[in-house]
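Quick heads-up: structures coming right below.
In the two assemblies presented below, subunit A is common to both, partnered first by subunit B and then by subunit C.
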Partner chain A sequence: MPTIFIDGQELQVKDGENVLEACLNAGLDLPYFCWHPAMGSIGSCRQCALVQYQNEDDSRGRIIMGCMTPVTEGARFSLQGDKAKEFREAVVESLMLNHPHDCPVCAEGGECHLQDMTVMVGHSQRRYTGQKNTYRNQYLGPLIHHEMNRCITCYRCERYYKDYAGGKDLGAQASHDHLYFGRHEEGVLESEFSGNLVEVCPTGVFTDKPFLKQYSRKWDLQSAPSICTGCAVGCNIAPGERYGKLKRVHNRYNHEVNGYFLCDRGRFGSGYVNSDARLDYAGIKKPDDSFMAVHQQQALETAAGWIKGKKVAAIGSPRASLEANYLLREMVGAKNFAAGFSDTEAPLMSAVALILKTTKAQIPSIKKIEAADAILVLGEDVTNTAPRVALALRQSVRNKSFELAAQMGLPQWQDAAVRNLAQDQRSPMIIVSAMDTKLDDVASECISLAPDQIADLTVAIVAALANQASGNNEQANQIAQILQSAKNPLIVTGSSMLNLGIIDGAVAIAEALCTDDTSAMLSVCVPESNSIGAALLRSGSDDAIGLTLSDLVNNAPDVLLVMENDLERRLSPDEMHKLMGKGTKVISMDMLENPTLGASDMVLPAASYAESQGSLVNMEGRAQRYFPVFEPTAERLPSWQWLLKLGAITGHKALSKLNHFDEVVAACANSQAEFTDLARAAPDNSFRDRGLKIPRQTHRYSGRTAMNAGVSVHEPQQPHDTESPLAYSMEGLNRDQPSSLTPFVWSPGWNSNQALQKFQAEVDGPLKGGTAGQHLVVSSTMGYTAISSLSKGASQQVKSTAVKMQPHQWQLVPVHRVHGSDELSVNTDEIAELAGCAFVALGAVVAEKLAVTDGDGVVLGCGDTQLSLEVKVLRRVAKNCVGYSAGYKETLALQPATLVTLTKDAKWQRREPQLIASDRTIPDPIILDPNIAKGGSAHV
Partner chain B sequence: MLSELRTMWEVLKHTFTGADTVQYPEEMPYLAPRYRGRIVLTRDPDGEERCVACNLCAAVCPVDCIALQKDTREDGTWYPEFFRINFSRCIMCGMCEEACPTYAIQLTPDFEMCEYDRQNMVYEKEHLLINGVGKYPDYNFYRVSGMQTATKDKGEARNEARPIDTKSLLP
Partner chain C sequence: MSKSQMIQTDVGSALSVDEIAEIDAELAHVPYKSGAAIDALKIVQAKRGWVSDESLRGIAKHLDMSAEELEGIATFYNLIYRRPVGEKVILFCDSVSCWISGCDDIKSKISKLLGVDYGETTKDNLYTLLPVPCLGACDRAPVMMVGDDLVTHLDDKKIKELFGKVKTKSTSSSKAGPKSEGSQ
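Take a look at the complex of A and B:
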């Protein structure tokens, strides 16, 4: 550990870090702009200047950039010296020359790194009286607002978007003081990670557009630590609320999970929480099929009357919390409980749960994924099913460049130099998938195979790994060789193809790679935020496997409880009709109007993730707790509270003993060996820091005596949170608590999200309060025994049909989309706009054969059903395969691996090309004659 | 003993001094033109609301009696969807006026706001907004700000150069 001196103060610093990192680690405030802990240094902003002295006698010194200077033994620096201070102030002054007078109308104001740094260096008087440069803005889609005048040319956006996230459509243009960051022309940003520009940009060039529409300052937001429900990665988020509306979602740092970045589904996909389609009151269906709104108590009493003495079954949900699912299972008994997976999905989820429990391979966190040096992706379009994992995979292919850099003695943070050195050399990543994936551009090899063939390939790879290869499969041998020569091989697979063979094969490969001293990594993507939790609950009960949905369809109970599950997405219309038929009383609780609620006899309004608390088990088996950001309005209640109330009113033996969330957690933890550590996911309600709960509001939270004064001048008491260690208050400290309770980051002088470094134990390291979350599932490392080897039925069936394929038939393959495939986020206007309509994905050859191009229509024939869908032409598609948009309403009825026919839809009307900004910024012309449509089919 | 007598003397002396109290409301006290009383929201010289809903007044308010919500007009400018002051809490400290970057909030010498019903002390935007510029006749924030509005293109604000043509190679 070298020793350096800063202003005479002796500092022990880490070998290989730079002076800026050393200063920040020592708690010193050294201003910076272009440096980012995840992206390293390029020294472009000249802000982190210090004076370095040759030796003790040197009194003149020279200005150096902290971020570009490695620490060396005995080096002497001055941070506070006049020369360094003057220099930093001059740099800010020059950055401010062209900065517009925008702060009052800038969405970054109050959490602006530029504001913070300007105050920090003491620049307060403008001397320049000349003209300011101005730029035209671009329309960048519904998510990101562009205001180029505010740019300080730090290059962070370009480095993040292109270098880190692999985007191709945003970059630096022009030169000298005409530098411009934008697209080559206006249009929607293509990257799924564009939202991070909002947090990466140190000023207000890129701001959150949906947030801008209902803007509140950062200090006015009431926040709570939460977990994203968009997919199974379990990114930590900090949603902010004001006036009863969820305003925005910001990243919440978790060293092992999401780090600094979120995907756009997670950041922008929570708009449904404010949707008009949210249920406010309980309702009982009247004979005319409309609902009568009733009070909570009345609904509960009616439900209790229905349930009493009847055969009751329940369907849980992979998107509801573990606690709520547990309570539902307790209420009806494990024998009558279905976890809520579709029949095709259920065996896959059982398999994944079993993998987590038994595999010899290592189940990596995202941080560990970034350390992989050879990657095999099997059947999964990770960017669309587990986006944050894909971002990590993009970093892991850079390990080759770090290796090269190490040989040259270059530190990793020398970003430009490392990238220059490596050029296009990357660690190997082999993608085996049916169609294009968004990671193809960084893959060393892309192989297009139908899902069953992927499963076959895995078998060949396993054989090649065991040296049993007869040499007939060159591809498999090659892949095996690449994986074997790697130090940290990683196999990524998932359930999105709904093919058990691929998952089993992936585990077999990973386990074959595990030797006594090395352990291969295996990452299995699952679809929903608590898929693993629900799968564990299902397989963990004593009554073996519980119910499947088809069991319930065939053997209808008297009363059916459905919790946060839209069964239309899991059942065919016939099955749905049969299940919800006249004989069964269906009680559903959910947030948004959906077909299941419409077909129910009673509906109960559930709270969203932002209004309730619970634990979600992510794809690596990590339980993470989310806390309510604000109190549910109207008569909404979190599902777990509905169930407790229902348990109390029916006099349920176990449930009526539980009153508080912590008791539910304790009961859940005791119910099953896997859940023993559940309570350790976050502190319980009794947690206090210096005698106080953790405040959800910042100390500057404004308007407390006026917010509700419009209704009544008599100020109501702040709501009491009796269930969590957080308070709906600004009293208390947000400083030393465990990280699972950090609602926002702020530190004196650091109002922007860069305050995070004050919460980190070291730069880019874990938080001071430890890493949030608790690994629930610890593998026995016994090795995984494939379920399919016990019952081969399902996969063989598909194979036999594949043989029978006719020349004009194609096999359906699900295609997932980050915007559109998810059930909840698509109820957000901006996400719905990006999702577009359902589609069929064709290869160029098939498209040519059918004489269609992008945007044309085809009729997809599948048995009796005929679907007219839009065509998307992809670059590579496996032979005899066509893709369909998975999770889209129009294509819910389609099943993977079914055989379909395709014909061109002659009557298809192409959608209007997407409007560009010039059309959007100018208000629509006022049309006097209402009979004249505004033009374009969208307006008709 | 001496001290007590002195005290009595001091008190009795005041029997012959004039009263400072005036017979308000019959007799009005003198108030300086910059006396800090009731708050108004002013308009810019073009007659538009000056308030851009930046929230600084709410943040600086020591009794947290200002609440507002930002909204955007069709021309791209910001304005408060609602702007509420709870005068039953207001201490007329004038910090909101000081914080206001657009001269929208101005304090007037009017302090006569007695109400029988405390609810009537809650003023919404329609109660606060006046048809005038107040103490600052010329200032219009959007003529200074770099933001583009329907009536002002990029580069048309004060001290702004024409927008840069990024495709040009000229210096």
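Take a look at the complex of A and C:
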């Protein structure tokens, strides 16, 4: 550990770091712009200047850039000396020459790194009286607003977008004082990670466009620590609320999960929380199939009446919290509980849960994924199914360049030098998939195979790994050799192909790679935010494996409870009709109007993730807690509270004993071994920081007494949070609290998100409050064995593809899209606009044969069904395969591996480009009567 | 007729057969396709006088680059023209040696003769006037380049000889020079 001197003060610093990092680690305020902990240094902004002295006698010194200077033993620097301070002030003054005085109308104002740095260097007087540059801004799509006049040319945006996230359509243009950051021409930014520009830009060039439409200052937002429900990665987020609306979602740092970055689904996909399609009141179906709104109590009493003495079953949800799913299972008993997976998905999810519990391979966090030096991706288009993992994979292929840099004695943070040295040399990443994936551009090899052939290839790779000499599959031998020669090999797979063979094969490869000195990593992507939680719950029950949806369809209960699950996405229309038919009373709770609610006999309005608390188990088995950002409005309740109330009113033996969230967590933790540590995901309700709850509001939160004056001049009492250690208040301390309870980052002088470095134990390290979340299942030494009973779904699939393919027939392969395939986020206008319409993905050869190009239409024939869909032409598609948009409403009925015919749709009307989402027709609310029915129970 | 109208483009590409051949010859010398980006821009500019959006996208496609990447390179260099220029570009040095030798006066006279200011093209499309920091001929200041020719020791007589016959007062408002989103 070298010792350096800053203003005469002796500092023990970390070997290999730069002086800027050393200063920040020592808690010193050294201004910077272009440096970013995840992206290293390029020395472009000249802001982090210090004076370095040769020795003790040197009194003149020379200006150096902190971010470009490695620490060396005995080096002497001045941070507070006049020369260094004057230089830094001059840099800000020069940056401010062209910067407009538009802070009051700028969305960055109040959380602007440039504001913070300007104040920090003491530049308070403008001497420049000339004209400023003005630029033409570009339309960059529905998510990002562009305002080039504010640019200070730090290059962070370009470096993030191109170098870090692999985007191609944003760049630096021109030079000196007319530098411009934008696209070649106006248009939607193509990257799935464009939203991070909002946080990466140190000023207001790139801002959150949906947030601008309903803007509030950072200090006026009420925030809570939360978990993204967009996919199973479980990125930590900090959503902000004001006036009862969810305003925006910001990244919340978790060292091991998302780090500094989110995907656009996570950042912008929460608009549905404010949707007009949200359910406000409970409703009971009237004979004319419309719903009558009723009070909570009335609904509960009616439901209790229906349930009493009847055969009740329940369907849980992989997108609802573990606690809510647990309560539902307790309410009806494990024998009558289905976790809510479709029949095709259920065996896969059971297998993944079993893999997490038993595999010898290491299940990596995203941080660990970044350390992989050879990657095999099997069947998964990770960018579209677990986006944040794909961003990590983009970093892991850089390990080759870090190796080269180490040989040259270059530190990793010397970003430009390291990239220049490596050029396009990357660590190997082999992608085996049916079609294009968004990581193809950094892959060393892309192999296009149909899903079943991918499974076959895994078998060949395992054979090659067992004995390298034998086996005549050259491709498999080659892959095996690459994996074997790596120090940290990583196998990435997932359930998106709905093919168990691929997953089993991936595990077999990873386990075959585990030797005494190598522990191979295995990452399995699953679709929904709590898929793993629901799968663990299902397989963990003592009674049996639980019900499948088809069990329920074939043996309908008297009363069916459906929680946060749109069964249209899991069942065919026929099955759905059978299940929800007249014989069964269906009680559904959910947030947004959907076909399941429409077909139910009673609907209960559930709170969204932003209005409730619970735990979600991510794809690596990490339980993470989300907390309410604001109180649910109207008569909405979190699902777990609906269930407790229903348990109390029906006098349920177990449920009526539970009153509070913490009791539910404790009961859940005791229910099965996997959940033992559930309570450790976050501190309980009794936690106090120096005697106080953690405030959700900043200490500058304004208008608390006035913001509802339009409704009533009487100041309402602040809501009281009885369930969590967070308060709906600005009173309390926001420093050094446990990371799972950090609602936002702020530190004196650091109003922007860069305040994060004050919360980190060291630069780019874990937070001082520890890493949020708790691993529920830790990989074992046992090894995973595929259970034959679980493979039922897979064998069925093998059978269906074994059918001999006729000419002009293609095999369906699901294609996932980050915008469009997810059930909830697509209810956000901006996401719907980006999702476009359902599509068929074809290879160039097939497209030519059918005489269609991008944007044309084809008729997809599948048995009696004829679907007219838009064509997307892909670069590579496996032989005899054709893709379909998975998760899109129009294509929900399609099943993978079925054989289809294709013909050109002559009547197809090409879609106008840039359809404005707000022009979409919004379905009529299903509860037409907004007046709460008065008095009396409302039995149908 | 302007240069660009004379070019025959290859079917399916914004580039002509000749341009593609010349760019391919450059590609043989570089390890990465993008390494030939500057040469490719110069080749197209030599044939057409400037690099249009369409040409830029054509080059980018030919070099497996994104249009944004190539745009960054094209706009970085002041002498790659992203807007149409006249038949000849006047690169007028306004750097220190020329300034001492009275280039300001010469420049205003040229502007008067041609009826154009910096960044503008004469209406007959013969000349585009651009400033340049130095032409490396300080010993013969003031200097400028007209097309490919260096003209030294500028004085009233010389510029009258050169531009006296050009019809004046025919300023076109179209600004030449590198495509810049900014204007001061």
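Everything below uses one rule, namely that the second predicted complex is superposed on the first by the 896 of 940 C-alpha atoms of A that agree within 3 Å, B and C clash if a C-alpha of one lies under 4 Å from a C-alpha of the other, contacts with A are read in each partner's own complex, and residues count from 1 in each chain.
We adopt the following convention: contacts are C-beta pairs under 8 Å (C-beta built on N, C-alpha and C of every residue); 3 or more make two chains touch, one makes a residue touch a chain.
Computed from a predicted model, the values in this text were never measured in an experiment.
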Subunit B versus subunit C as contact partner of A:D169, first or second or both or neither: second
First, second, both or neither for A:C862, with subunit B first and subunit C second: neither
Touch count on subunit A, higher of subunit B and subunit C: B
Partner chain in contact with A:A293 - subunit B first, subunit C second, else both or neither: neither
First (subunit B), second (subunit C), both or neither touched by A:E185: second
Touched partner set for A:Q423, first subunit B, second subunit C, both or neither: second
First (subunit B), second (subunit C), both or neither touched by A:Y215: first
First (subunit B), second (subunit C), both or neither touched by A:L410: neither
Subunit B and subunit C contact sites that coincide on subunit A, given as residue numbers: 131, 133-136, 173-175, 178, 180
Contacting residues of subunit A [partner subunit C, same complex]: 131, 133-136, 148, 168-175, 177-178, 180, 182-185, 423-424
Subunit A contact footprint on subunit B (complex, rising order): 52-56, 58-59, 61, 63-70, 72, 74, 76-78, 82, 84-86, 88-89, 101-102, 118-119, 121-122, 124, 141, 144-148, 150, 154-155, 157, 159-164, 166-169, 171
Complex interface listing, subunit A residues touching subunit B: 100-105, 109-110, 129-137, 147, 149-150, 173-176, 178, 180, 212-217, 219-220, 242-243, 700-707, 709-710, 712-714, 921, 923
Residues of subunit C that touch subunit A when the two form their complex: 32, 53, 56-57, 66-69, 71-72, 75-76, 78, 178-184
